[in-house]
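We call the chains A, B, C, D, E, F, G, H, I and J, going by the order they appear; numbering starts again at 1 in every chain.
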């Protein structure tokens, strides 16, 4: 079973049981954001969580093995077309160099890691229209001189 | 004076006076993130703030006019090469669909606005290595049916 | 059933019953433009309309579920080749900055939303050759300063 | 004087005289949308209107000659980055095939001309937020069989 | 039956009966150029001709329905690789602006329509080597001012 | 003087003398189509014609030398944006394989040369709207087997 | 049977019989280079040679028909990745303009035909390491003036 | 003086003295093909030859230094547009895999070096039209196993 | 059996037997790096090693034949998306010209061969976080003058 | 002074003084590889080293300031054309997934950092032809689960 088939199996089980990502992630004791990314094949899931997830969704063991595999992270669209995803691309284009200025002013020359990294997505209720709060938390990695 | 010349004039003044973005943004009463984006030509600055900024940096009035202009937001590199900026591109590729799943589970079909939007970049000290916290706050916009 | 199979099922039923988009959209009480976009997998259809549509076209319930799903909006051709669709690309290229000038003169710095958005396509009879009238109606979203 | 220099000359004069596109277009008796497109170098202006415009803006005669020239319509960004212009690209991607379905249902196989074409951009006030109304009016051109 | 399967069915029948495009097009009373384009799925065929063609080639009625369908004109290679097709791309690159100069000198600002358009391809015998004569005949469409 | 400067010099002289391409090409005894292509830097002009052209337009001898030079034929836009030029790209996309079928049926496997090639562009008056007739005449080159 | 299936059938037969391209091409009396190109679907094979080849390889008659077909020459990778093929791309990039200078100095303005063209690939033994000799022989085609 | 200015200086001197590449290369005792490539900035010229060339063309010593520099070999057009250069691209596309088959049959798995490589371009007179003979001679480099 | 099926067969066997690349490569007496590259279809394996590998993994003989085949080295993503692989792309972008400067200073004008080339990947334990050591060893190939 | 002008100033001084990178890097007490990358504008140089370098090369203080600036790392060629640099691109394409397999087998899921990273380039003399040894040393960064 490859990662693509794994995602489809999980999606079918999730729909059949009318579950939410929140419910699934609580069942395995992890955040919803990371759980989804592993179910979509963009992160590998440690054995313990993979086992719990397959039990919770009543999926066979080859799904468990597929969840554990280290993924080759591939996306086809260099510029995403889906409006929700594109907006993050646009934010990178509009604010990328601004974020670089601020990060370097605060920490010196370096980058924010996208590997030693966590992410959360929250809803903030607002009478003028609810808001989405995306929080990225990545380790600062300074450039080396040698 | 176009936006490019404006950015260069601001950068030269900022270096000459040994100022930080934090100092400049405080002087005009706005966030550092938005102030940088306007100085880099990616947002227009209202007249009041533009005036304060030019006084603070002792820049001529055509810089003020250039800051006020509505920008045409252009970036040349479809995929950015700078490692710091690329990491945000990578996050969009790795976690874009996961964020879509979470946002839609919480709010229904729609997007997070990149226009009715604010951004903050903070440093969190950590003995294992400081961390960068990027917080995006955008209005949820539901799709219309008609 | 995925969105692609859903579209094919709807197209086959539409042909078999010799229906028009106008007829189908009237049956579910929505505009033809939005109805087509949902049937082509570019918008999600609320449960009530999806049910009506499947009853009207005598389609099985998995088509209903597919219509309700939130779509990942994907198009493969960065520059469309079909002459009808390309003309809209050309209009964006030729008139995009002109529309920007007019919108900003009328409303200030901001954009026309493509999400809080409706669209209509009409035929206007004309002895010198009929004309197509496309009307786009999107909310103005002003940029934020913070 | 080429089209690029012409646009800059017009923009400088427009700012110096604090004019609007609406005012300029009224002075030459044409629509604002078409007037802007000619001033941005995307349409040629007939001699009479070019003369009026240069008198109104007090521009030299080589600007008039530049306005009259038939332009080579060029845009560099295959996919526009400016958020306002990108939204029209997104509309083409999301609704292009839907518009094709509706146009062909109403008129048969053919296209909407982008040459025998007019465009208007209006603001509609709305207590929930003003709206932009873009109206495209193009001749239907049926495909030939021979 | 989609357009791709239709083309394959026609090609198989054409080979099996050892027919030429010239013979097929005569049988339906249309030009060879247009007949081929419809059989390759790049134009829709009116019902009468589609019926004749299917009778002549002894093809089932779903081929007829496929021929009548309005096609989505798609080509994958932005720059064609086949040497014969590439030469037309090269002609466009080398002579495109020259053709623009001549057309505009003769007719004013506008374009040659590719929709209200016919095409013929002929062989001219020549002792120094036969020649191909391609004739394109498209309506001149002047730009509008409004 | 390079080809670009040569084209600009010719254009300025042509405008100053209110000449047409037809007039210029007659003065040097060649076709308008080829004369334009050489003046735009897409063909080299033999010494005799280059001399005549420079005398007719009263241009200095370095223009003559520039006209004679063998050009490096370069175009920047892989897909042209100008509507007039794009239509030829579209014709290649829509009818390229149809032209291949016809040429191969008439002459066997091979191509139409774009080098041993001439081109003419004519206007055909028509009460329903004038038409443009483009005629391409290229030598058929059969593939070799060896 | 399409060209792709044809190539696979030939490859399987070649392996099963432990043949070389040299052996196959001798059996049909043609060069190895051209024989391979026809077997890979990049040239059409005349009936006589196709017949011989299918007899020699004991392939069915639909392979013969596939070999005779005029191919649509398609390659997917605009820039090849295979190191052996890439080196020819690199030679074109590094030496393309040098070859242009030499050819034009020797023959005037024109090109080397890639259609009226033959190719040979030989091994030259050398104690310092064997060498590959690629010889291209194409007709010089002068540009026309008209 | 950079490589670009060097090439222009050489070209001007070559024209002023009415020299050919053949004459220049003989004067420095190297092949014409390699001499051109060095003058176009695609190879570095050893000191001795650079000196001779600058004396022969009466160019100043900074041209000599520029010729000696190791070049960064850059070409802008991924797919060349000039017809002469494009034909070599086409040959690579049409015959690349055929050359791979022949080379590997003769020498095993490996490539033809484009570095330990020489090139010659010759004219072969032919009553049916002169021919160009391009000969590439590159060392065979076998892949290593380790 | 093609290279893709071969890789899948090897991966399934490796998982089923809980083997590592280190174990497999030791069994055939080669390095792990080269062994993986051959198993992923990016190098051909000599007969002896292919036989050993298939015996060790208990794979059928057509896997052996597939391992021996000379591969066409193809990768689809011009810019890789997987973060681990992208970092090597980034290193090439950031340090490519620096490596060129150093290599040319040490050896003169030329390149490091990627064919006469070996590669090793090692882990270096470090209390501040383990490190990866990648060592590339390629023959220096000087450019030829001729 | 921007990074580009800085690089040119350093290169001119290096040539004028006949220095090597080895000599320059020793003078500032850093590795040659890192020193070159900072001089080419791909790394920022700490104040102390920048001062030493400018003294050693007798460059003015604005060069020092330019060396200290945090660079925006930009490269224009998505796929490099220079043969030396391309070979590193090719290595990434051919061996990228193999390196991923080995790294993950040794360390688990994660990447080799290109930021906490050093690089060395050495020459190894060899009677069969000298070899280049490139050693990359990057911290292993494991993916986080959260």
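Just so we're on the same page, contacts are C-beta pairs under 8 Å (C-beta built on N, C-alpha and C of every residue); 3 or more make two chains touch, one makes a residue touch a chain.
Because the structure is predicted, anything quoted here is derived from the model rather than measured.
Separation of chain B from chain J in touch steps, taking the shortest path, is 1. Under the touch definition stated at the top, chain D and chain E share these contacting partners: C, F. For this pair, chain A with chain B, the centres built from the Cα atoms lie 23 Å apart. One finds 50 Å separating the Cα centroids of chain F and chain I. Multi-chain contact residues of chain B (touching two or more other chains) are listed as 33, 72-73, 75, 78-79, 81-83, 90, 93-94, 97, 100, 104, 110-111, 113-117, 141. Partner chain J is touched in their complex by these residues of chain A: 30-31, 33-34, 38, 43-46, 49, 70, 72, 97, 100, 104, 108-111, 113, 115-118, 141-146. Of all residues in chain F, only 20-22, 32-33, 36-37, 40, 42-43, 73, 75, 78-80, 82-85, 87-107, 110-114, 116-117, 119, 121-124, 126, 128-141 touch chain E in the complex they form.
Touching chain D in their complex are the following residues of chain B: 65, 72-75, 78, 114-115. Of all residues in chain D, those touching chain A in their complex are 79, 81, 83, 86, 90, 93-94.
Of all residues in chain I, those touching chain A in their complex are 15, 77, 79, 81-83.
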